[in-house]
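The following pair of complexes shares a single chain, chain A, combined with chain B in the former and chain C in the latter.
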Partner chain A sequence: MTLTEPAIADSEAASGAGGAAAPESSDEVAAAPSILAQPFVTSDAAEVGRLFVLTSLLLAVGTSVIGVLLSLGRTEAVAPWDLFGGFNAYFRMWTLYRMSFMLLVVMPLLLGVALAVVPSQVGAGNVAFPRAALASFWSWLIGAVIIVVSVFAGGGWGAIDGVTGNESDAMALTLLGTGMVMVALLLGAVTVATTVISLRQTGMSLLYVPPFSWSMLVAAAVWLFTLPVAVANLVVIYADLRGRPAIAFGRAESPDVWLQLDWLVEQPAVYIMAVPVLGIAVEAVGATVGARSSRPEAITVIVGLFGLLAVGGWSQDYFTAPQDLRDGLVYVAFGLAAVLPLVALAGGAAELVLRGTKTLDRLLDVRMLGAGAALKLLGAAALVGALRVIEPLDLLETTATWAVFHGVVVAGLIAGVVGLRNWSHELLIGPLSVVVGRGAVALLLGGGGLLVLSDLISGFLVDAPDLMALSLDGSAVLNVLAFVGSILVAAGAAAAALGAVSALRTPVMTEGDAT
Partner chain B sequence: MFTTGFKFFFGLFAAFCAAALVYGYTTGGNHVGPLSLGWKGGVGDHIGYGVLVGLAGVSLTISLVLVSFRDADAAAQAHLQNLAEVLTDQPVTASFWPVVASFGVGAAAVGLVLHPMVFVLGLAVIVLSMVEWTMDAWADRATGDTAVNRELRNRIMAPIEIPVVGALAVGVIVLAASRILLTVSKLEAVAVAGVVSALILGGAWVYASRPGLGRRLMRILGTVGALLLLMGGVLAAVAGEREFHHPTDDTHEESGEPTGTTGHGG
Partner chain C sequence: MRTTALPAAEATRPRTVVVGALLATGAVFMAFAALVAVYVQQRQLARATGQEWFPEGSVELGPAGMMMMTLVLSMVTVQWAVQAARDEDRPHGFIALGVTLMFGAAVINQFWFVYTDTAFAIDGGRAELLFYAVTGSFIAMLISGMAMLAVTTIRSLMGPFGRDLAHGVQAAGAYWHMCVLCYFLVWYVIFITK
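Presenting the complex of A and B:
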């Protein structure tokens, strides 16, 4: 293919006598997309990242409100199934709460921060595949809408009482929406990972890329090893649901659907959300006190080790006898070992504080408080996870499972708030208000802590496996604590979302968008 | 030396070759059949093996074409344009095809459950988006000049896009207008057709006689008109056609009513 003469002549005229690259012509500027059109056409990954962050924070508010209602059902003030209108409806909300926090809130929130921040950290002008990043956001959003609508239309991930009428179709839509969301997140993760691998500045070794970029590279790799297993699960369940007897692994219109997917929100797979939290925490601490780690390669190894322990595709236990897998040495070892990198990372963060400037205002900075809170919650979650795999404690199929989950997701939310504060420029927003930031971190830490504590102690108190915490005897006080905790988390999520929205400013037009 | 496109398609060629070998040997291939395209031994399942070998051949051909024409080779393009500087870092232009592709995937997912037509529509949108997206990506790297790239892209795609979009627009207009005319009463259909025709004629006359009218205004009017027509068509389709009298054979010629059992003259 050769260029036509008039086209070359036009471009040379526009570029001036030098004949170098033509800058934006007036025609191009005239064709620049409007602010309203920008979310649909932008090739600026920072804009896409901002869309991810804002949307996931708004979804965090909705999800945490569902959490409040679920916790209210545990307080005996009202029977949980009456609150939602039946067992199936309660089960739908219970599963939606978990899937939504993972796939619609924490993972996209951290991915959004990464899309905006990673290119500038590695010295690239943009991500490797800007259009794929845009497709990632829109596919994720459409998938999210399909999930939410279909769940409220009677779908969801399985049913306790069987399905009636069109609920089977709605359930199929939920499965397809879930798959779409997972593939979209993978697309965004691949974009970020490729940026770190291919577009980093010459001479920047992978051992020395900034901790957050490294943690996102590790997270993307871990997501790539884990989410496709879940997508394969969804395909099998979908085929089952549509009545393909050759596959039929279980009754699709039963809790079997959830039992094939629950490994995703349990340890070790639940930690895939938390890998970027480590990078954000280290960077936030370093930026606040103005210090750099004396051993950056150690941070790199620690984050990589945590990522390794978060690979969870192998822990899918539906097709094997659960006890075979969960009593196995590997499962126990993964559960116990997950604590070690977090302890090591806390040590690394402490070293930064010791080496840096320790004034009161710096130590009370939102980033410092948030990083500390996120690491504390994540550490607590990992500690509960370690207790959970110790067989004599008998915590495996109890609410301790959700103590780990709550610790991880709330740590992810706090890390998102820290990211908003630390990289407001990259995210194209104004600085997050200090008051709002501190308030959000405090609420999330308090709420997350109460949830972790109440779920863990409830796990010790119940005699029989009780994942949904529906047997309410003997733990009324703890259930009230969990209710208060979920209210605090909802308030923290709302504060973060309001803070981000109020900090919005007009997006900066990039050269690419002006064409 | 090796351009990006070459590396991509040559990689695909290698992957398809490997897949064909594995598939051939795992479906009954023997001796060196899968290695020699069936010359010495069996290739296993003929259809699957043939498809994979065919894809490998197509990938190899494309890769050779791309490397022959130095596609997306910044140095070659700079030489062609007599530029002193090799331009490698071109900005990615704004494009709405990623969003369209996402909606296509969503439509396919919803259609898979609700209606085959929606599924097919979603697939069509995905294929269309992939073609356009590929062209946009190629054009972005064709030269170091965004204006030239856009010109280049339009010269290839406009001869395809304009007739296709035109045909689709005409189809939608005809379909929507016919639904409206078939839904309202006979007298109202005549009135609607008359008024709309008069509006189009009047609008065209005003635009022709006053060239100073802004493009923006015309775009807004055109968009509003198209939306109204589309909404009217959808509402009419939902409401259904009016009742038609079904004249007998000996009377329809005199009355001029449509014939047939359905009476849907369109």
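Presenting the complex of A and C:
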């Protein structure tokens, strides 16, 4: 075996790789499953990755439309609760928007890219457990459907205005779906991490694994440390909710359920979505200008450090007095330190640009623009996060929390667009159109930027803590800006989804796109 | 001899199943540790406010200690199975896996006794709810560990262990050891410190 040969060591992976290979005989062609059956039986991780990417982009469109409606409520054009038909319905959509962007859009989008790309980057024929990857996709999809259906049936993660018996049952279903989605994402993460650890080429040290594969290994480790804590919380809430009547943890008539899970979408845990963004950005910049980092091990350390600062299971503050935890040195240190690896990584990306070919075409390439936009938004989010933990600024329980969230989420979406463009071959699609790619990146950057800015300034303006942004005094202009930002994000998500779907129809690379 | 005629070297990282199982085991341990953390925190809060956690004498240490000893013995037998799988020693492998499964069933039986003995109602209060959430999750973990061991036992009945199956037994063994570690937490936190 030479260094250039794939080191397929596991029989399952080998059989999976076989599934991806071109059929050699007419018998094999005859035995191949139909197009409709393929998504249910495939053992090719690239195909599973493509399913993840396409489905999560479609869900991104739906989620961002909910975001537009929520922002419309903030503009005072119509009262938020009237827009959705009551306090509970507004609260359901408000929580669905956050959970969905994290668990149904950004994490599966980046996991999908990883399933398709990581095996080829580390020299494996397929992921370690291809059937587990397929199970991960289907259980994630079923969980996602359960979440969406149950939320629209009156479920969700708690309520603020009392519930009926049916709504309590729907709420239990939402919890079940949330648990399913989390376990499915963990299964996919284990698959990707095992591929990097166990199936990478002989002689390839972990320190020199390609940045995206390394970032996915770090992300998988961080997910494994963080999501199980939320799953454990769901177990307690579910047991309580089914105890009839719930005693403390699963009280359907109060927002208690949400308050036990909201740490997932706040810093530092919110950064677990962002770890792969770093790997995608570095690789995209390097590929665009045709340069490699002079210190790849530095990139490895920086991504690892950011992952370490994203571990968030400890920040669950429902069971302690919130201020005890969030005024603590560790919370403040995590918030401040998260900026450092991003600054260092931006330096690494700048070094690549300086070392590479700097023609106008390359500098305006979708991948270059997207990587820059994702890093800028992520940097802005981390900067707001750092401001948020500074106690005298009094931003902790304000909309500044959502500035961080929006920055990370939109950076994740942009990274997905960059991934579609950079690894179209691995994702088994045609290259994303240049126009669509640039348009999606521009819309997402503009929308994300407006959301981060308006949420941050609103956080400074409000007199009292106001996480749900229901207090509209003094920030009407900012609320309009947030509304425009939401529309731009929705348009960007729609452009990315349409671009990916249309690329499915044109798998042959055109000359113009080859640049 | 031409070097190109030499057979390809075996890959140096072949333990894919074990690595995957260890990662999954770590995730399960994190979830269980989080459950125990909630339990400890809520108990601390109750004590700080002068509330009683469990009624005096309602949770007995005897059966819990017996379960601990049973599980420690099962750690030995599961490791025996791992070694037998490595050595391609099928008779010993069957015996070890069978005895481990029996120990697992014994622990579930003992838990049934504990539930009957304590007679807690799940909606009786925070203490009772968390008691069932933590111990119930442990039983679910134990059953999944037994299922893994049962699958490897059945597969080994079909032929020699081979490398893949030996790795499967190792993976199941690692998961089993983690289950015992989790029970140690339950034993200390719920039954000893009450």
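General observations
The rule is short, and it goes like this: the second predicted complex is superposed on the first by the 465 of 515 C-alpha atoms of A that agree within 3 Å, B and C clash if a C-alpha of one lies under 4 Å from a C-alpha of the other, contacts with A are read in each partner's own complex, and residues count from 1 in each chain.
In this text, contacts are C-beta pairs under 8 Å (C-beta built on N, C-alpha and C of every residue); 3 or more make two chains touch, one makes a residue touch a chain.
Since this is a predicted model, take the numbers as computed values, not measurements.
In the overlay built on the shared chain, the residue A:F319 is in contact with chain C alone; chain B does not reach it.
In the superposition on chain A, A:S43 contacts chain B only, with no contact to chain C.
Contacts of A:I142 after superposition: chain B is touched, whereas chain C is not reached.
In the superposition on chain A, contact is made by A:P33 with chain B only, not with chain C.
When both complexes are overlaid on chain A, the residue A:A128 reaches chain C alone and has no touch with chain B. Of the two partner chains, chain C is the only one touched by A:F225; chain B is not. In the overlay built on the shared chain, the residue A:A172 is in contact with chain B alone; chain C does not reach it. In the superposition on chain A, A:L186 makes contact with chain C only, while chain B stays out of contact range.
Where the contact sets of chain A with chain B and with chain C meet, they give residues 1, 7-8, 10-11, 132. Chain C contributes residues 8-9, 11-17, 19-20, 23-24, 26-28, 30-35, 38, 41-42, 45, 122-123, 125-126, 129-130, 132-133, 136-137, 164 to its touches with chain A in the complex. Contacts from chain A toward chain B in the complex involve residues 1-4, 7-8, 10-11, 14-15, 19-22, 24-25, 27-28, 33, 38, 40-43, 125-126, 130-132, 134-135, 138-139, 141-143, 145-146, 169, 172-173, 176-177, 179-180, 184, 510-513, 515. Against chain A, in their complex, chain B makes its touches with residues 69, 71, 80-85, 87, 89-99, 101-103, 105-106, 109-110, 112-114, 133, 136-137, 142-148, 150-152, 155. For chain A in complex with chain C, the residues that touch the partner chain are 1, 5, 7-13, 128-129, 132, 186-187, 190-191, 193-194, 197-200, 202, 220, 224-225, 227-229, 231-233, 235-236, 239-240, 243-245, 247-249, 313, 316, 319-320.
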